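Per-chain residue numbering starts at 1, and chain names A, B, C and D are given in the order in which the chains are listed.
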Amino acid sequence: MLTVLIYGAVTSAIFAMLAVGFTLIFGVARILNLAHGTFYALGAYSAFALTTILKVPLLPAAILSVAFVALFGIVMERVLVRPLRNSALAVLMITLAVALTMQQVLFLVFGSQSKNVPAFINHPVTIHGVSVDGQRLVALSIAIVLIASLWLFIHRTRVGSAILAISQDAEAAQYMGIPSNRIFSLVMGLSAALAGAAGVIAAPFLTVRPTMDLVPMITAFSVVIVGGLGSIPGSILAALIIGYSETIVAFYWNPQWTGAISLIAVLLTLVLRPSGLMGKPISL
Amino acid sequence: MRKRDWLGAGALVALLAALPLFLENRYFTGVFTVCAIDGIWAASWDFFSGLSGRENFGHALFIGGGAYAAAFMNGKFGFNPWWSIPVGIVVPAALSLVIGFPTLRLRGPYFALAMLAAAAIMQQFAVIFWQYTGGTEGIYGMSRLIDSSLGNYYFVLATLVATVAVLKAIAASRWGRILRAIKGDEGACEAAGINTTFYKIASLALSAGFAGLGGVLFAHYEQAVTPDDLDVFLSISVIIMVYVGGIGSIWGAACGGILLNLLLELLRGLGEYRLWVFYIILMLVLFFMRGGLVAPFWQRLQGSRA
Amino acid sequence: MRPRIPFLASAALMGALAVGSPAHAAAKKPILIGLDSPIQLQVGKDTVAAVKMAVDEINAKGGVLGRKLAYVVADEGMDPQLGVSAINKLTSEDHVNVLIGGYDSGVTLAEEPHIAEAKTIYLGIGSASPNITALVGRDYNKYKYIFRVNPLNSARQAAQIVNFADNVVKKKLKRNKIAILGESAVWVRGLVPVLVKGLEKDGMTVAYNQLFDETMSDFTPLLARVKASGAQFLLTVLSHANSDVFIKQLYESRLPMPYGGIDVKSMTPNFCSRVNGDSVGEITVNFVTRAPITKKTIPFWDGFVKLYHRAPVYTAPGAYNAVYMYAEAVKKTGTTKADPVIKALQKADYLGVAGRVKFDKLHDDLAGPGYQNVLFVQWQKGCKRVVVWPKELATGKVVLPPWLHK
Amino acid sequence: MSALLEVEGLTKRFAGLVAVKEVSFTLAAGEITGILGPNGAGKTTLFNLLTGFLPSDRGAVNFDGRSILKERPHQIVNRGLARTFQLCRPFHGLSVRENVEIGCLAPRARQEGDWRRQASVILDEVGLAEKADQPVEVLPYGDLRRLEFARALATRPKLLLLDEPFAGLGAGEIGGIVHLIRRLHDKEGLSILIIEHRLREFMQLVKRVIAMDFGEIIAVGAPAQIVRHPRVIESYIGKNEAELGIA
């Protein structure tokens, strides 16, 4: 029981990290970024490259990796996405092309075999008689800290309120003189950094291989739709719901169904309450 | 259609029909068969999504639906392969109704995402219920529609021509005009007294039926069906084909399908760099040719001559 | 390692021959081998590498029937469509004399009718589903071209695992309650019932038995259920699955039982270091390792390492054997025509890298003492590989995973 | 003569806010009626309820003797109740003629005969015949208004709901539209319900005004009476008195 509680929390926390960034960039810039999973993969691979190949100690390597992914996100938005922003489909396709290209780059540079990213804590920790992998607890705490800081940043700073203003009404925000392009870059950087950080902290206990971007991408998608496109609290709530349902299904029923759970949740949401748990209602 | 368009289309079809005669081997015939099937998939996507503006990110649901229907009919139950065609059209069309009714009323990306999820769920089911579907290895040991690969190619090519002709004709009729009006403003279209739900769902069903037909042809060409036929990647590839061909023209989409598959085969010589180079090319096309490649090119050609 | 690629040639539809040995201006046309393999994966890279090695060796000795050997590679990925078009390209565009390759059973199954139509001999060296050769029995005239040189089919592997479980798990480790985890693939689904039946016949019980999807990335719940089932030994059947993660999570959860079985990724020599030594204690089926299994084993192994600076994965010895077997059959019959070569292959009894290769009626390679056999190899302290079974080839004793030492 | 449109106790809430509250009124056939109210009074919401674009929470709507409460927008149009939008909503990517033809393709319109010819007649009627083959993207705003009319007229309505038909137009263009409305009414006996928040145009057109504020009907009467009605004046105080057009 406690095991399920802890593992569910870890799974949910990783989902939330992926989903919050994904929903943020949609809410602010209306960009459905299909390269979001790529950020996650790049985070993990940079951590691998820095620690294993360049022998950088783990903590600086982790920070550098996250910074690198953030930079990648900003450059991608600036160079490839922004010129196409007037067409939603074009943005979707170009981010997809980025994702596919980067997957091939990882194949070519690192090969098909899985890679090992070192953990912050490499031994089990016992909580009330339940032995839990230490890295998972580290991941859980980092996730909570990062999401909470993001929350504070958005609600307590000037830049944060500009982000909120744009996500509520982009046009009005422009009239108010908020430099939306700079905000887009910033939000893309944040979104990429969060996903990259998720990659760095989850890599030691999950997969590191070139195709690792797909599952997180689909999960982020699912969580964001269930939570309501553009809503950060919605994403967090949905991450908890989906994270725990997957964990419960895996532990108590049949692990084969875990992949289907989030997808079914998505379809049910779209059919029954398309605006998601906490999204704005959708008009005809 | 102007006279030049007829001539261009005729020349293209004649070229496609003649190529395997000059390059007589099973490889090229096979490549062109798959090209033509890709053309059917792209044209069927474009008919619904290109005209109505509701992007379908789960076209593989219909393609795979048709393919699996064929696999069950012929591979599992041993029916004559020609029975796959009607069943492989009806099953995806029926699926499209089930998905279309609840989700097509939604604006924005929701329909796209619902289709994406539906196809992914179906793929999961194809793996989970392996007792019936053969799991990841799928169903194999199907027979061909036509034994001679050249004969089969001509049948597929004829189907492609018929698909494009039928869909293009509908698109040019008032039906197509209504779809384009829905793309423009669905609410206003309702206010003009048009039952937009009916047109959207009927068009999706038609699109699904043709996609399923393509799926049937593919399944019988490969003589096997796997969950790859339901994959997100396939759905996305179809959209890429349409995008490259030029959205909304149908024939351009079909050309995009042919072109992309041809390109992928041409790049075989690059070995493991193949996909990487392919995606880079794709990115350049997406970025620099925003209206697509084929249809706009044809129009420009017309412009320069006129 | 990678075949050289004429970039310009690819511009033309006809281009793209990746010929391994430099062009021979020999009077006679070379005998051409077509490789269909997932070239982005290690199994594919090693297939190509081993074929090149064999081809170069044979050519250095003057080739076959006065002709040189050459090879062409076509990527089959993990995608049936790509596989079918690879087969068609190799057979009808490159006009290869023989096909060698395969990895994913689903892809191979989809390719078979197209191989049959091309009437080209196919030597499978990667996929393990018994269904692949079952087709030979179902329609001999159509599918007689299909052979499997490597690996042993999954049913034969299962029989060997039962044998191992009886002799090692039950008799040596004194453990009777077995849990089975396998990925949901055709060859595994065929194998598990055989395993269960065999284990029960030998007086063991199966406490837990679960298949899972090959894309699974979090095995913790499965491992928790294995633990809860009260099993004393965990049998694994993994191929495409993500074993790196599986092993790491198993290590993290300190699963209170020894474990082992089939784990294709763990056959890779660098597996243990890749997972940071977490796999120490894992026992995995292997087809070859650096041990004197036959007189060819160590020369092959060292030759491969010398050429490529890495140890080979399981497709390499298979591909190497396949080239030699085909070359011998052609030499014996004096022709590359399919029918006589098929006859010669059916009679062949070839001493390969990992044992004698001989085909049964279904053109499937036989198992058992003297033939290609299953080795049970355990990762032990310092990421060393120790053969623990069968007895006659053993290089050490089976030990428990480190967290069970006390 | 029996009522063409009967509305009884129509109510709509949005998340705590009552947008339309217990609205009841009737329209006789052949009448031109105006709905007056400041911004946010619930006029457009009322239109959306009547035309099926929003589901109502409570109340009854009978058109031509039948309830249309549960019907979808296109069904209501095909009963003969058409509407225009406050912001012009042409179909982009289609020509002016094609825009009108969409309306002619409504089942109700197609009973009238060949839809292509119908479209030409209507284009003539609203004065867009010369621009019929232009793409809508190049039309000036005044012509978009006419197009909005044309598309609604194409469906052969008995009752036309006009949502602020003068919004964004210059004085000359307003005159043209007023002229058009009057002609439609006089020649074809079309019943018309107009939303406006300015009275000046009403004075010339309508016989009766329904004044709304905060989702409720606050007064009904002739235009001259309404402008003097204390509650109407009160509803405009501090908002846009000038627009009431009493000055």
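Convention: a contact is a pair of C-beta atoms (placed from the backbone, for glycine too) under 8 Å apart; a residue touches a chain by one contact, two chains touch by 3 or more.
Since we're looking at a predicted model, the values are computed, not measured.
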Interchain centroid distance [CA atoms averaged], subunit A/subunit B, Å: 32
Centre-to-centre distance between subunit D and subunit C (centres being mean Cα positions), rounded to whole Å: 75
Euclidean distance of C-alpha centroids - subunit A vs subunit D, Å: 48
CA centroid of subunit A to CA centroid of subunit C, Å: 37
Touching two or more other chains - residues of subunit D: 53
Multi-chain contact residues (two or more partners), subunit B: 124, 127-128, 187, 272-273
Touching two or more other chains - residues of subunit C: 40, 184, 213
Contact graph of the chains (line, ring, star, complete, other): other
Every chain pair in contact, whichever chains are involved: A-B, A-C, B-C, B-D
Complex interface listing, subunit C residues touching subunit A: 40-42, 184, 210-213, 215-218, 220-222, 224-225, 242, 244-245, 248-249, 252-254, 265, 268, 270, 274-276
Residues of subunit B that touch subunit A when the two form their complex: 55, 102-103, 105-110, 113-114, 116-118, 120-121, 124-125, 127-128, 186-187, 232, 236, 239-240, 243, 247, 272-273, 275-276, 279-280, 282-283, 286-287, 290
Residues of subunit B that touch subunit D when the two form their complex: 174, 177-178, 180-181, 183-185, 187-197
Residues of subunit D touching subunit B in the complex: 51-53, 72-75, 77-78, 82-85, 89-94, 98-99, 101-103, 105-109, 115, 151-152, 154-155
In the complex with subunit B, residue positions of subunit C that touch it: 2-3, 5-7, 9-11, 13, 15-18, 39-40, 73-75, 79-81, 84-85, 88-89, 91-93, 105-106, 109-110, 112-114, 117-118, 129, 131, 135, 184-186, 189, 213-214
